[in-house]
Every structure is written in structure tokens, then in C-alpha cells.
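Below are structures written as C-alpha cells.
One chain, chain A, appears in both complexes that follow, with chain B as partner in the first and chain C in the second.
So, the complex of A and B:
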């Protein structure tokens, strides 16, 4: 009985969590007139509260057509997001993987201090680092460039921490065996470390994708040129008359994240678990 | 397997997004207005009034044909060159013959009328002459008779006077004789004079009464004769005066009557017309051009009838030339008498120094004006079509834009300037509406008031679709 009650409770909680997504999909299929009637108290001068319904009165794909065929701005921002995310994740893999391997497999003076700084930096929210980041980017001439967004993110400490956990979990005996067999450090890293630590890397990639695909604060702070804005800044630029297009854009922006999540769901769980395990 | 499927969908999603990126760009490039833009120029505004006109001769010759004839065929059109003795039109022969017959009848009728009038006039003249002659005779008779009567009366008076004089002379003689006797008796009887005298006196008094009566009778006779003379004179004068008046009346000329002259003129005219008709008949009804030139107007129509007006007007090839063209009321602002006109004929002859002679409104078509231009000696010929151009310049103006850049109604004009805006698509051009004040404009260019547009701004002069304030535009390289 208790199990049933819990099941029902969980079901309702899950439904509540999924409800915004249903809103988005439903809103993207509504006509402008219907949307105006429903959202008038929010978007216009209407009184009362906005209402919602899960089934459009007259479903239409016009907003998708309009967005896909008549909104080149959407695609500019989409590909900006792709660029930022891809470059950032690539950078993180190139920089973070060796760093995590180093922390996990080697002993060197000041390792603990350095790792503590890494953890401390990871804990700091963006708002704390924003000013210093801004000053550095300004001095290096990277302000208002995609590099200014990508470069700090590529050196993010979170994927290092995440992969560190995975690399640390590799059996020491395997590494020693490789050394006995005559494998060098690079050989051990590329042939044993990366293949065996790939779940951690994928986990870092999935989490990183979800984070950088929805990046909003850094572009707002560091990018003045609209041409370089990512998709996360598209919605604030849509007027109230284009609510339908905003819903459609949200659904399309959601799709890659959903696909990445589904593809890396297992690794993501492992990553989350690994970060939760006490060292 | 499941992950591979998801990654496949991931790939498909990005591929689709790539395709839609190109499609949206293509759709955007089609929907964005392509424009040409240029900066305001410093230039002169020239107003050009142009149109098509025709060269006309100043000397014209009208061709007349007797009225009321039926036109069988018209050979020429306005503007057509024509040679001397070339047929203009042909009259129906039967119509000419009919008209000739009619003219002959009229001539005969007029002749008879004239003859009647002449006969009547001769009789009247004779009567007048007789009347005058008789009046003169009456006057002469009155004068002669009057003179005779006066002479007779005068004789009567003279006779009576003579009798009176004779009587008085006899009395005077008798008185003198008696006085002599008395003087002689006094000498004989001295003292008895008074007594005798008294006796004589008494005896004389008896005779004197008779004498006085006789003398009075004679005097009355003289007076009566004199009165008779006066009466005769008065009668004579009255009769003479009446006769003279009758003569004067008879001398008054007759009332002027021009009927005969009028009829004579009509007769002459009919004869002339008859002559013309005979000539026309001899020419088998064809009417020829009297000179070489160009047909100005041809009022005759095949199947119609000739009227009092000329059937055609021919321009002579000699003499000064003029050009007439039509302009609108709007063009009138830039065309004035004395303005220079450039003419270019179909023969490619160009005349630069033609001058506007007159401009008047076409009564048949209000709002349209007929411009007459004096054409100097040139290769242009009568009847030739020409393109005329009247140019009037003003300025220079520092802010001139092509007229295609100007929108809106008069007084509320505006232009679109190109602004470069930082957008998601990068730096894009947008049209911005700027209200302007037009100082002057012609068919191609408008001069704007200074200050509204800077020289560095580009004004949209041409767009392949309608643009509005804020419309995105794509600048095309000229």
C-alpha cells in the first residue's frame, strides 16, 4: 500500500517536472490568436491570470515553419551555441583530461593545495569571477569574442574534478602491469587511462554540454555584438507578439539537450555518483 | 544500440538545422528589399518640359469650293505634302450639274428682277423730269402773270393819281385866275373890298365843297387803286412762292434704292459661281491645290457636303516657320514667352535657338496649353514632327536626391536613409524614415532643405519592393 502511495506521489512529482516541457510543446502548436487570448494577462494589458491548456484548439506548425524558414537570426544563434559548446568541450577534454590524470595518478609537491584551489574555484559561482574574468579578457583583447567565452570555460575545474574521480578509481595494479610491460607514461595515459576513464570523460561532456548549451551569463556579460550571441539569448529578444515562435524556439533548443541527455544518461549517472562518493 | 540510435538522431537533427539554416538565409535574401542608395548631391535643378509638336508655315492658303456640293472623295490628309495642281478632293459631277442648273435659274431670276427695276426706274425718272419741268413752267407763269397784274394795277394807280393831279392843277389854275380877277376888282372899287370879298367868298365856298368832294373822290380812287395794286402784288408773291415751292419739291431727288445694285452684285456673284462650277465641271469635279505645300487642315470629308468654309488649308513652303506643341498646366510654371526652345525633328535636324512666341489655353481642352514657337531658318520643314525641349534651371542646391528617393504627398514628403545596425545577423542595413522639406524638384531630382540629411548619409534611391521605417534592406552596388 505504501509503495502504491509512493508510486502515485512520484508519478505526480514527475508529471509536475515534465509539465513545463508539455507547456512548451503545446504552446508551440497554438495559433497566435489563441496564444494572445491565453497570455493576455501576462503579455498584454489584460486583467486576471494567464490560463493554459494542454491541447491547442487549432493546432498549427506555422511557428515552426516561421522559425525554420523565416528566422535566420535563430540559426545564427544556434550555430553560435554549437560553436561555444563544441569548442568549450573540446578544450575541456584537451586540458581537463591530462589535468585530471595528473591529479589522479601522480604525486608531486603542492598537489593537495593545488587541488584544493581547483575545488575552491569550482565552488565559486560565476558572479564572483565575473569581474576578474572581464578585466582579464579586456586586457587580453578577448572581450566581445567567442574565444573570450570558450577559453575560460575550457579551463573549467569541474570536468577535471569529475574525471579525477574516474581516473582515481582505476586499479593501481593495471597501471603497474603496464609499467612492467614497458609502457611509458604517455602510453599508459592514452592506452589505459583514456579508455578506462572514458565514462568519466563522457560524463563530463554530457554535463558540460547541458551547462554550456544553456550558457547565458557569460555571453550577456562579455558579448556586446549581437552577431555572436548564443541561442540562450534568443528568447529574451522575442517580442510578446511572437510568443508562438518563442515556444517553438524553446522546443528546438531543448532537443539537442534531450538527445545528449538520453545518449549520455548512463555516464551522467555514473558521473553524478562518482562526485558523491567520499574520497 | 540505443545510444547509437540517439546519436543518429542527434546527427539528423544537426543536419536538418544546417539545411534550414541555408533555407532561412535564402528566404531572407529574397524577402529583404534590395536597394540602391546614394549620398545627397550638390547640383542644379533643371526643369525640362518636353513634348511633341509639328512645324507649321506662317503663310497659309485656303482652298474654297462652292457651297452645297457633294464630296465624292478626299485625297489628302493633314500634314501631307502636296504639289501644285495636285488633286485635293473630287466633287460628284451630278452634284455640280445640279448646282449649275440652280445657279442658272437664280441668274435668270435675278436678271428679270433687274430688268423690272430698271424699267420702273426709267418711268420714275420721266415722271420726275415732267414734274420738275411743270413746276418751272408754273413758276414762270406765276411770275409773268403777277408782273402783268402788277403793271396793270400800277397803271390804274398812275391814272388815278394823274387824274387827281390834273384836278388839282386845274383847281390851282382856277384859283390863280380868280385871284387875278380879285386883284383887278380891288383896283376899281377900293372901299368895297371887304363887302365884295365876303360875297365872293360865299360864292367860292359853294364851289369849294363840290371841289373837295370831287378831290376826295379822286383821292379815294387813288387810294383804292393803290390798295388794289398792293393786293395784286401780294397775290403775285404768294403764287410765285407756291410755284417756287412746287418747283423745289419737284427738284427733291428720289429715295435711294440699292436693290438694283444688290441684285446686280448677286448676279455677278452667281455668274462667278457659275463660272467656278463650270470650271469644276470641266475638271471632272476635281479640286486642285493652288500651290505646293503641306496640308494644314482638311475639313472636307468623303460623303459630306462643301460649306462656306474652306475645304482645306495649305501651308506654303516659303516664309517663316513656327512650331505648335501642347503642354500641361504644370508645365506652364517653367514655360514663358521668350524662353529658349530646343527642337529636334524626325529628320534629326536640331534647332537650339527657337523662341517661345505665345502660350494660350486650348479652349477645346481646358488644362492643356498650346505653345507656339518661332522657328529660325533651319533644315526643318513644314509638317515635320519635332521633339521640343524647354529647360529652366535653378540652384545650385546642396542637398539633392533623385526623385525616386522621395515618398509621401506634397508637404509631407520623406525619404529613407540607410542606417547600419548591429543585429544578430551582423551589421545589417536598415531603412530609417526621415521627414524632409522639398525646396524644388523636377522630373528626376528633388532639392531638399538643408539640415535634414547630412552629406554622409545615404538615401535610398531605388528599392525592388516596398520598404517602411525599420525595414531591413540590402545595399546593391551600382
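So, the complex of A and C:
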């Protein structure tokens, strides 16, 4: 009996976890009249309470059409988000993959201390690093540029740590036999490390995508010009009087992240777990 | 001798792999943070050495005390809730192999939902005339004005639990999976009931994971600021005013010396936690 109650509770909570997506999709398909009818107490100064429905009564794509056809600023910011995410992840792969390989496969003096610094940096909340981040961007003239957001993020130490965990799990024997066959260090990295360690790289990409697509603190602090903002800062600025448009924009913003999530869920889980397993 | 030489050469090549990363990390993270530590001992206006004065100012600052207290309270309430709840769900999930995958996906999905997208829902849900109070009204309970009273703290808790539950569930499921099934079989043969198995086998075997999960949950907790800030802005209701808001507001006022001192204090506290975590990892513990 107890078990049944608990199971029902778990299903209920799982439903609550995904409810926001359904809520947004449903709201984005409602016409203005319908939306204002049920949300009036929240949006304006209506009496009573806001309510909700499971399905729109008269589904319409008008908000999407409106958003895609006559809000050029939406495109600009969507594109900014794409640029920030894509460039950051590319940088992380280019710099981070060899670094992770170096940490996983070689011994050198000071390695332990350096690795500790990497771990500490990856776990520091943004607010602790905010001032130092500002000082660099100020001195290099990168404040208020997308480069100023992308460059420090590309040198984030989290993907290095994550890929390190995967590279470390590779069997030593394979690498040794390649060495005996006369393969150079770079050849070993490219022809053994990268193919065998690719799950780690994909994990880092999936987790990174969700992080940088959702970037808020950095652009908020370092980007003054609105035209450079990513989608994550634009959405809350759509006034409540344009509720329909806000719903449609929210759905379009979460779409890429949800697609990446669905395609890469196994890698995401592997990534989460490997942050926590012992070395 | 010859072998020794080869290893030496290999080590040097290893550094080549790491060089670009070292340069970038040093330039963008380590050196500037060192500069912040230096600045924390100087006045931002006159550039004079002021010793611990900035630190004193920070600790005496009303806003800092409020924010630090709230942040602490937030973690003290949320972490046990999150860790306990996720363990319970993880245990139930491992019993239901068939629905486990879909349920895990459902709990993980919030990780993928951009904060900016849920802001709209939060506003409609927690408004004084919003959906949540509508539901409460149906139960004849008069709900508070969530965003503008002390109840706003609850909004933080919900945001945090909602977003992080899946993450912790995945960690627990991994921890549970690492417990040898043979242990349970032996216990069952000896006539141990389900509850007894849980207390005698599951709990002791999960203890090492517990610490890692607590620290990771804590570090993820700082991100709750995103929801708080997007929903309630720079100066939210007092009970949800976190350290992150304070940093943000000092940054806007360009109170660089206070910020530097606070960054060093907060950074040190977190560093200690991370070092303990690393010790735990090295001790062969963890999941």
C-alpha cells in the first residue's frame, strides 16, 4: 500500500517536472482572446484568479507567425545565442580535448596542484569570478563584445575535467601497443584518444550546450548593447501585454535545448555520473 | 637509462598538449583572480593599502549579512530536501525497471529548459492572483502574495528542487547500481525484509556517495540566482535576496573593493569544500 502511494507520488512529481513545457506549448497556441481571458488577473487587474487549460480551445499559430515575421530583434538575439554557444563549444573542444589528454596520460611535476586549480575553477560560482572576469575584459577592451563572453568560456576548465575522466578510463594496453608500433604522441592522441574518448567529448558538448544556451549572468554583466544580447536576456523583456508572443518565444528558445537533451540524454547522464565517480 | 630518457621526453610532450589550455586559463581566470585577491587589501578609490579594512566593511555591511544569512538558510533547507527526495525517487526507480528510463528523462528535462523560458510560468504561477493561489483557493486556503512576502523564499526552493532533482537522481541511481546484487540476495535468503535491506545494505553503501552529492548539489545551488533574478529583478523581496544579488548590485555600483573582499571570502569557503571533496575522491570513495 505504502509502495503504491509512493509510486503514484513519483509519477505525479515527474508530471510536475515536465509541466512547464506543456504549459508553454499550450499557451503559445492560444489566441490572444483566450489567453487574456484566462490570464487577465495576472496580466492586468482582473478580478479573481488566473486559470489554465490542458488544451487550447482554438489552437492558432498566429504568435509564431507574428514572432517570425515581424520581430527582427528575435532573430538577432536567437542568432547571438547560436554564436555564443557554437563558438564557446568549438573553443572548448579545440583547447580542452588535448588538455584533458595531457592530464590523463602524462606525468609531470606540479600536475596535482594544477589539476586542483582546474577543479576549483570549474566549481566556482560565477559571482566569485565576476570581478576578475570584468577586470580582464576591461583591460583587453573586450567588454560589451561577444568575444568577451566566448573567450573566457572557451577556457572553462569543466570540459577538461569531464573529458579527463573519460580519457583516463581508456585501457593503457592499447596505447602501449600503439607506442611499440612506433606511433608518435600526436598520432596516438588523434587515432586512439579521440575516437575512443568521443563519448566524453559528446558529454562535454551536451552539458556545455545546455549551459551556454542558458547563459544569463555573463551577458547581463558584460553586454551593455541590447543588440548583442542572447535570447536568454531578451525573453523576460517581452512585456506581459504581449503574452502570446512571450509564450511563442519561450517555446522557440527551449526547442534547441530540448532537442539536444533528447538526442544526447545518455551522454548527459554519463557526464553527470563521471563528475562524481572516483578517480 | 634509455627508458628513463624516453619517459622524460613523453612528459615534455604532455605539457605541449596542455599549453594552450594553461595559457588561456592563466590569462582569463588565474591571474585576474590573483589581482582580485590583491585588490581586496587596497582601497579602490585612493589605491592605498588598507589591510583588512575591506573585509571589515563587508562583514559589517547589512546587505551582506542579510544575503549571507539567506544563502545559508537556502542551502540548509534545500540540500537535505533535494538529497533526500532524490534518493527516495532513485530507490523507487531502480525497482521499476520498465518505467525507469522514461521517468528519469522526465525528471532530467528541467535541466534542459532555459531559465528565461520558465520565467513566464513562474510569473503566472506565483502571482498573488496566479494559478497556485487558484488551486489553494479551491482547497479553501488563502494563498500569500508569493513574490512580495516572505513566501518568496519558497519560490526559490521550488525552482531549485525542480531543476536539480533529475541531476541528483542520476547520481543516486549510479550509486545504487554499484551495490553488488549478491548482498541483497544473501540478506533475502537470511530472511531480511525490504526495509531491513535498505537500512543495513543500501544506506551504508551509499554513504560515500552522499558527500559528493551534497557538495555537487551545493555548487549547483548558486545557479538558482538565474530564476530569482529573471523573475524578481535586482532588488527582490528581502527573504530571497541572495549573495548573488549582492555581488550583482555591487558590480553595478562599481564597489570594486567590497566585491574583491567578498569574492575572496566566498571563494575561500567554496575552495575548502572543494578540497575536502577532492580528498574524498582520492580516498577511493565516491560512487
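In this text, the second predicted complex is superposed on the first by the 269 of 279 C-alpha atoms of A that agree within 3 Å, B and C clash if a C-alpha of one lies under 4 Å from a C-alpha of the other, contacts with A are read in each partner's own complex, and residues count from 1 in each chain.
FYI, a contact is a pair of C-beta atoms (placed from the backbone, for glycine too) under 8 Å apart; a residue touches a chain by one contact, two chains touch by 3 or more.
Computed from a predicted model, the values in this text were never measured in an experiment.
In the superposition on chain A, A:15 makes contact with chain C only, while chain B stays out of contact range.
Of the two partner chains placed by the overlay, chain B and chain C both lie in contact with A:260. Number of chain A residues touched is higher for C, counting chain B against chain C.
In the superposition on chain A, A:95 makes contact with chain C only, while chain B stays out of contact range. When the two complexes are overlaid on their common chain A, residue A:212 makes contact with neither chain B nor chain C.
Of the two partner chains placed around the shared chain by superposition, neither chain B nor chain C is touched by A:161.
Shared contact residues on chain A (touching chain B in one structure, chain C in the other): 234, 260, 262. Note for the complex: chain C touches chain A at residues 10-18, 20-22, 24-25, 27-30, 32-33, 35-36, 39, 88-89, 92-93, 96, 103-121, 123-124, 127, 129-131, 133-134, 137, 162, 165-167, 170-171, 174, 209, 212-213, 216, 219, 222-223, 225-226, 229-230, 243-244, 247-248, 251, 256, 259-260, 263, 266-267, 270-271, 274-275, 278, 281-282, 284-287.
Only residues 68-79, 82, 225-227, 229, 234, 237, 252, 255-256, 259-260, 262-263 of chain A touch chain B when the two sit together in their complex. Residues of chain B that touch chain A in their complex: 3, 6-7, 9-10, 13-14, 17, 20-21, 23-25, 27-28, 31, 422-427. Only residues 6-7, 10-11, 13-18, 20-21, 23-24, 27, 39, 41-42, 46, 48-52, 94-96, 98-99, 101-103, 105-108, 114, 116-121, 123-136, 151-152, 154-155, 157, 160, 185, 189, 210, 213-214, 216-217, 220-221, 231-236, 240, 243, 246-247, 250-251, 253-254, 257-258, 260-262, 265, 268-269, 272-273, 275-279 of chain A touch chain C when the two sit together in their complex.
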